[in-house]
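Chain IDs A, B, C and D follow the sequence of writing; residue 1 opens each chain.
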Amino acid sequence: MTGFPNREVLLRWAPLIVLLILMLFFTALEPRFFSVRNFARIAISAAPALMVAVGVTFIILMGSIDLSMEGAVSVCAVSFAFVFLWLGGSLGGWGWLALPLTLVAGAVLGLVNGLVHVRLRIPSFMASLALGFVGTGLAMLMTGGDRIRIEDPAFRALLTTRWLDFPVMIYVAGLFLLLGWFIQSRTTLGRNLYAVGGGEDLAHGSGLNVARVRIMGFMLAGVFYAVGALMAVARIGIAETATGNGFMFTSITAVVVGGTALWGGTGGVWNTLVGVLIVSVIGNGMVVIGLPGYLQDGILGLLVIIAVVLSTDRRSVSIVK
Amino acid sequence: MTLHQLKPHFPWITLLALVAVVGVAHPNFLLPANLISMVADIMPLFIMALGMTFAIYIGGIDLSSQSVANMTTVLATIALPGLGLGAALVCILAGLTMGAVSGFVTTRLLVPSFVSTLAVGGIAYSVAQYLSGQRALYMDVTLRDASFGWMIGSSFGIPHEIVVGAALLALTWFLQSRTVFGRALKAVGAGEPAAAASGLPVRRIKVLAFALSGMLAAIAGLLFSAKLSGGSPTLANGFLLPAIVAVLVGGTPLTGGVGGVINTLIGTLIVAVIRSSMLYFEVDATMQQMVFGIILIVAIAATIDRSKMRIVK
Amino acid sequence: MYELTKVDKVFPGVHALKAVDFRIERGEIVGLVGENGAGKSTLMKVIYGAYQADGGTVAIDGKPVRFQSPRQAMDHGIGMVFQEQSLITNLTVMENIFLGYERQFVRFGVIDWTAMARAARQQLAKVKLDIDPATVTAKLSFAQRQLVELAKVLTLEERVEGDLVILLDEPTSVLSRTEVELLFSLVRELTSRASFIFVSHRMDEVLELSDRVYVMKDGEVVDMVPRAEARVDAIQRKMVGRDIDKQYYREQKQQPYDPDRVLVSLDRVSLPGRYSDISLDLHAGEVLCLVGTEGAGREAILRTVFGLEKPDSGTVRIKGQARRDFGARAAVEAGVGYVPRERKIEGIVGGMNVYENMTLSQMGRYSTAGILHLGKERALARDWIRRLGIKTPDVFKDCGGLSGGNQQKVVLAKWRSGGSDIILLDHPTRGLDIGAKEDVYDMVREMCADGAGILLVADTLEEAIGLSHTILVLKDGEARHLFRGAPGSKPSLFDLVHHMT
Amino acid sequence: MSFIKDYIARETLNRRNFLFASAAGLGGVAAGGLFGPGMARAALTDPTIAWGYRNRTNPYWNEIVSGGESFVQSLGLPRDALTHLINEGSSEKSLSDVKALLAKTGGNLALAIDANDAPNCRPVVEAVAEAGAYVATIWNKTDDLHPWDFGDNYVSHMSWSDVKPAEDTARILLDAMGGKGGVVHLGGIASNSPAIQRRQGLENALKDYPDVELLAAEPADWDTQKANQVMSAFLTRFGDEITGVHCANDTIAYGVLEALRAEGIEDMPIVSYDGNPQAVQLVAEKKILATVFTNPYWGGGISAALAYYAATGAFKPSEEPNEHREFYGPTILVTPEDALEFKATYLDSAPDYDWTDYWGPSNGPIRY
């Protein structure tokens, strides 16, 4: 503990510092990167991923993992589209009911995930991997492969209406992020997630109903996946089986880059916000500076490694798997 | 025999039960020629799963396998005209290197393997795209047959892919259960702190496990490339999840130290049978994925040995 | 008030509890002793609801009860203070205290942190601990954590109508003597509100604190003695079923060491935050014991000798060679063997069998070109199973399934069979029953006779005095005093405590 | 609600086809009897008809499958008589599924397939030929593989030459830009041959427009969401310099449109490819200036028909000229002027194709 800033403080802010360095880096190569309009674009592309990543953060805090988000997002997106159109296809009419119903759908998917994992005693990696297949399959079954357009101007206003240069959906995502933070820090469930992640057998011995906490955690994640699905539909106006594609690796990478440990117990939604922004800034920045397409996957990989290295407390980790 | 004693044999039993279910409904399925051809076709996937077994055995995961295999299909196709059989060596070395890099990033830079291998996979994919000029390439058939023909021919009714797979299985089984490295691997998987306190070079062992995984992924790509007589940066797409599923269904859980290469063989065959059964039972196209997921849950619930898992995470 | 009658518990192949009768009255402190495997922990688990009895009855105030989970037991006023590390370290103190019972602080779905902190302070005051309840538990010392444990259990007072029963499982194992005394006076004070069941391997402490002592052996309660009639050797005889040798620590076998052969030499070694300016010499045939309170730097010094922690300054010499690259591998090659305190984590590899564990550190010797000679390994294991009397059906038995004492023997066999002659023992007898302890003491003497040097961190001060040639007393990471003691001229307990605190 | 309308239209049509086809099916059986016993051994009776394709999430493949189903119905069979082999983008699964189906049917199989990756085509064809079944392929095939090297069993290969149509759409785009400014290209999965060809088409057209700069070309992997993100990054990088967008297919164009919509840009000239119903509608509304219809419905039906009729011996592929065994599929340029008319002809109610007119709408032999 010598001098300022000391190690602990530095580590705590390391992910944010990495984000700032990345932004400076891209700005130096292409000044147009640093503009409010581009930040809005990054925000739009980050919003759905952020919601999904916040969802999986809760699972990772418990020391578990969830790989079912792609299926869950697809099912939620497609169910939303069906119900929304069935109810008249407009937020102005009864269509708004589709929004809460989608969140319920997400919770139900999470519940199933949690039940399979907890009641059948299958590690979450496997249970959720298999349920991801089921989810994608279910979305496929519902749509028969068709894509459903959502053209309601009121719903699309999430993307098209802007306040202070940012679309409405960014503010909605912000609200849900705050909700996530609130759940994480001010509710019993949120704190119990940390307890389970910090030491499951100990928590059980303390009289905590760990099975219930786990199932609730998966349900909570499911609700956030549903929000992510709504954002994804709002962004491109299409609900389809492929809506969920790509969320799995992006969201888990973002959570790790943000500094939440995969073995559970530390981190949280603010880390995830920074992680998602880091990943989105890299994605946007690589195109903005004109990096050839074939290099992008490799450079993304390198930058992710660097970001994780810079934001990990190397002294506190002994075993990394 | 009690249920407890029966547990280690659940993967076998599940496999036989699945085969029986399909076979009773469709006796065609049990024709030896058909079974042999099914096993031969699953071999590239099996070889990748063999590699994955080592990563999962030490409690990690290797998400780069598919990209490494993609990369080697391109490498093999490009290197074949100049190097002949030497192309195989190039591929194997490239896979080994990629795996070692994953291992280095995981053990030295302390990046969890879920992310480090994903990132290294991105690098391999970029290499594949760059080398291929972002096109699908094909091998000259005579050149292929001269250098790689032995991999894909057939003797006495047994396709050589099976021979290659069996040889690698025997080799990895020997490595796993009869060598110092295999023993060390088990110790690291089952009790890393104790392994370290016994003076084992834990990091080096882990790097080797990832390198082995990369190498086997490369061999899988090479075999696939020879079989398809070409290469492309997307040729091996779709290998990754089935390979992971094969390892897990076989009974090597992510907790490490349990299971092994024989389990992976069974797991791969279970995946192959489930996949074929979709066709035999004429499962509707839009339902296949869902049915696959549900059977998977049932299979995993049946095969995993929970007695070795203290906490189910 | 709390009574077990003819309680049975059967596991596949094991009859763990056989018709156990056990009762505890209001305000009473009851001791529970027995060798490992005697059924103590099973009995405790039945009491606090982790296990359900297969036969017999459990009654509170005469009313039969049956607990499906620890939570139900808690709701009936039964709480457990775990041995150690049962607090969740990434949570704050107050969250740990109220874990599972946060609801009382929830208003409209929101946790009222101020109210929780206030309530937590009240609980901490009961155990006389003055810390900020918002402190993250990881930052507390072991002793503080133990008190937080107790405070946590004491929340039952407010929550439950009627009386409490509190189980203390080896609560003193990580405490210094003063801390133990503090804990005991606290427990005595609290008898106005609760009764206690005190489980410990330290017989003297059990007798010091308890009103009555239950003695268990092979799943049965073999005796119940009131304190007035209790005598240590009588109880021990009941536990083991035979007399305990007066020469418990095998002092008659203690041979003088060879002062000319220095195996390990530390010269002004420092690791900031752990220990500073430590110099010592370990000779062939010597037992050198490091004594001090928890956190005085004992373990850190062991780990430095083994190469797991690199000092910032000073020289570590092993057999005359100055260590440059630190790392366990080099140490093992130089003949250092480490018997860690966390036996199940660092000692043995659960999931691997007996011979695999024994050769783990010396596979090079049982292989050619990387290929193992399984036959040789098994022969070695059979040899050492016989020499050390390891109780295992065969060499293929999973070490995770052996008893603590046998696991410890496997670890010792690992090092001894590999020819290690510098043995670092960290709490080698922790959690072992008397019989197993004696076996360990025998092995220590044998190793010394073979010319090995032993660096010891003992479980108790008596053990330290009994076993060692030399005792180095540490306080706050600094060397305080060096005692030399041949049999007959050993330092007293008081001497040690005087320099420790 | 257009998708529901489409669905109803399709259903009505299907019923019509069904009635019509029963008659044709009878004819087929009668014709089969005319061949002598020697021929009958080479031909198959009632082969299983299967389509192997990438996935069901892409409208393009859905159209292919509808065509295949329409053909099956023309034989008087129910729609689900068509077996689906979905490979989910995995060549390995594609090949294993084909082998499993060959085993299940004992080689009594008429298969239409896109092998997913060009190198995968050879082992698929070899397996089919070895089992004595019949296969017609589309899209992915390596240049050294030819139907005529496999006797009758490798019936045909159909592909689409995308360079010229993509060049045509590019010209429409470049003209709409007034022959100056900057254009960006969002491509498919980089190594897919249609992606390469469509980009080539743009580059060919650009040679005649020296004042237009190709600002950038990035792969968007045929994916709407990825296209959306790439386009918004392009907007940052080039801002107002972008005066036109060339998309490799319709699904990419949807993502581009939404990225522009988010910025309030409504009048950017865009062209795309594939002629999906939704895209055609957008063309009619002038949101997209042109797309190219490749008639996947016909392609899907005729590939199945070729494999089936070759299998049943209705025609003998080895007696057909090479241009009947490797040929280009039809491409129809759709522009705002003819979009509605086009939609009425091809999409609102799919035309009743004569599935025995194998090469009617095709587009000449494949040139390498």
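Heads up, the rule we're going with is that contacts are C-beta pairs under 8 Å (C-beta built on N, C-alpha and C of every residue); 3 or more make two chains touch, one makes a residue touch a chain.
Here the structure is a predicted model, which means the values were calculated and not measured.
Participant: Please flag the chain sitting at the greatest distance from subunit B, going by CA centroids.
Facilitator: C
Participant: For this structure, I'd like the pair of chains sharing the most C-beta contacts.
Facilitator: Chain pair with the maximum contact count: A-B.
Participant: Distance between subunit A and subunit B based on Cα centroids, please, to the nearest Å.
Facilitator: Here the centre of subunit B sits 29 Å away from the centre of subunit A.
Participant: Cα centroid separation between subunit A and subunit D, in whole Å?
Facilitator: Spacing between the chain centres: roughly 35 Å.
Participant: If you average the CA atoms of subunit B and of subunit C, how far apart do the two points sit, in angstrom?
Facilitator: Those two chain centres are 44 Å apart.
Participant: Taking the mean of the C-alpha atoms as each chain's centre, how many Å separate subunit C from subunit D?
Facilitator: Averaging C-alpha atoms per chain gives centres 72 Å apart.
Participant: Where in subunit A do residues touch at least two different other chains?
Facilitator: Within subunit A, residues 140, 144-145, 293-294 contact more than one other chain.
Participant: For subunit B, jot down the residues that touch at least 2 other chains.
Facilitator: 129, 134, 193, 286, 288-289, in rising order.
Participant: What are the residue numbers in subunit C that touch two or more other chains?
Facilitator: none
Participant: Report the complete set of touching chain pairs.
Facilitator: Per the contact definition above, the touching pairs are A-B, A-C, A-D, B-C, B-D.
Participant: Any idea which subunit B residues touch subunit D in the complex?
Facilitator: 26, 28-29, 31, 33-34, 37-38, 41-42, 44-45, 73, 129, 132, 134-138, 140-141, 224-225, 227-239, 242, 272, 275-276, 279-280, 282, 284-286, 288-289
Participant: Which residues of subunit A touch subunit D once you look at their complex with the stated criterion?
Facilitator: On the subunit A side, the touching residues are 30, 32-33, 35, 37-38, 41, 44-45, 85, 89, 140, 144-149, 159-160, 167, 232, 235-238, 240-243, 245-246, 283-284, 287-290, 293-294.
Participant: Can you list the subunit A residues touching subunit B in their complex?
Facilitator: On the subunit A side, the touching residues are 62-65, 71, 116-118, 120-127, 129-138, 140-141, 144-145, 200-201, 249, 252-253, 256-257, 262, 264, 293-302, 304-305, 308-309, 312, 314, 317-321.
Participant: Considering only the defined contacts, which subunit C positions touch subunit A in the complex?
Facilitator: It comes out as residues 50, 69-71, 74, 80, 82, 85-91, 95-96, 99-103, 106, 109-111, 113, 152.
Participant: Quick one: in the complex, what on subunit B touches subunit C?
Facilitator: Against subunit C, the touching part of subunit B is residues 4, 178-181, 183-184, 186-187, 190-191, 193-201, 257-258, 308.
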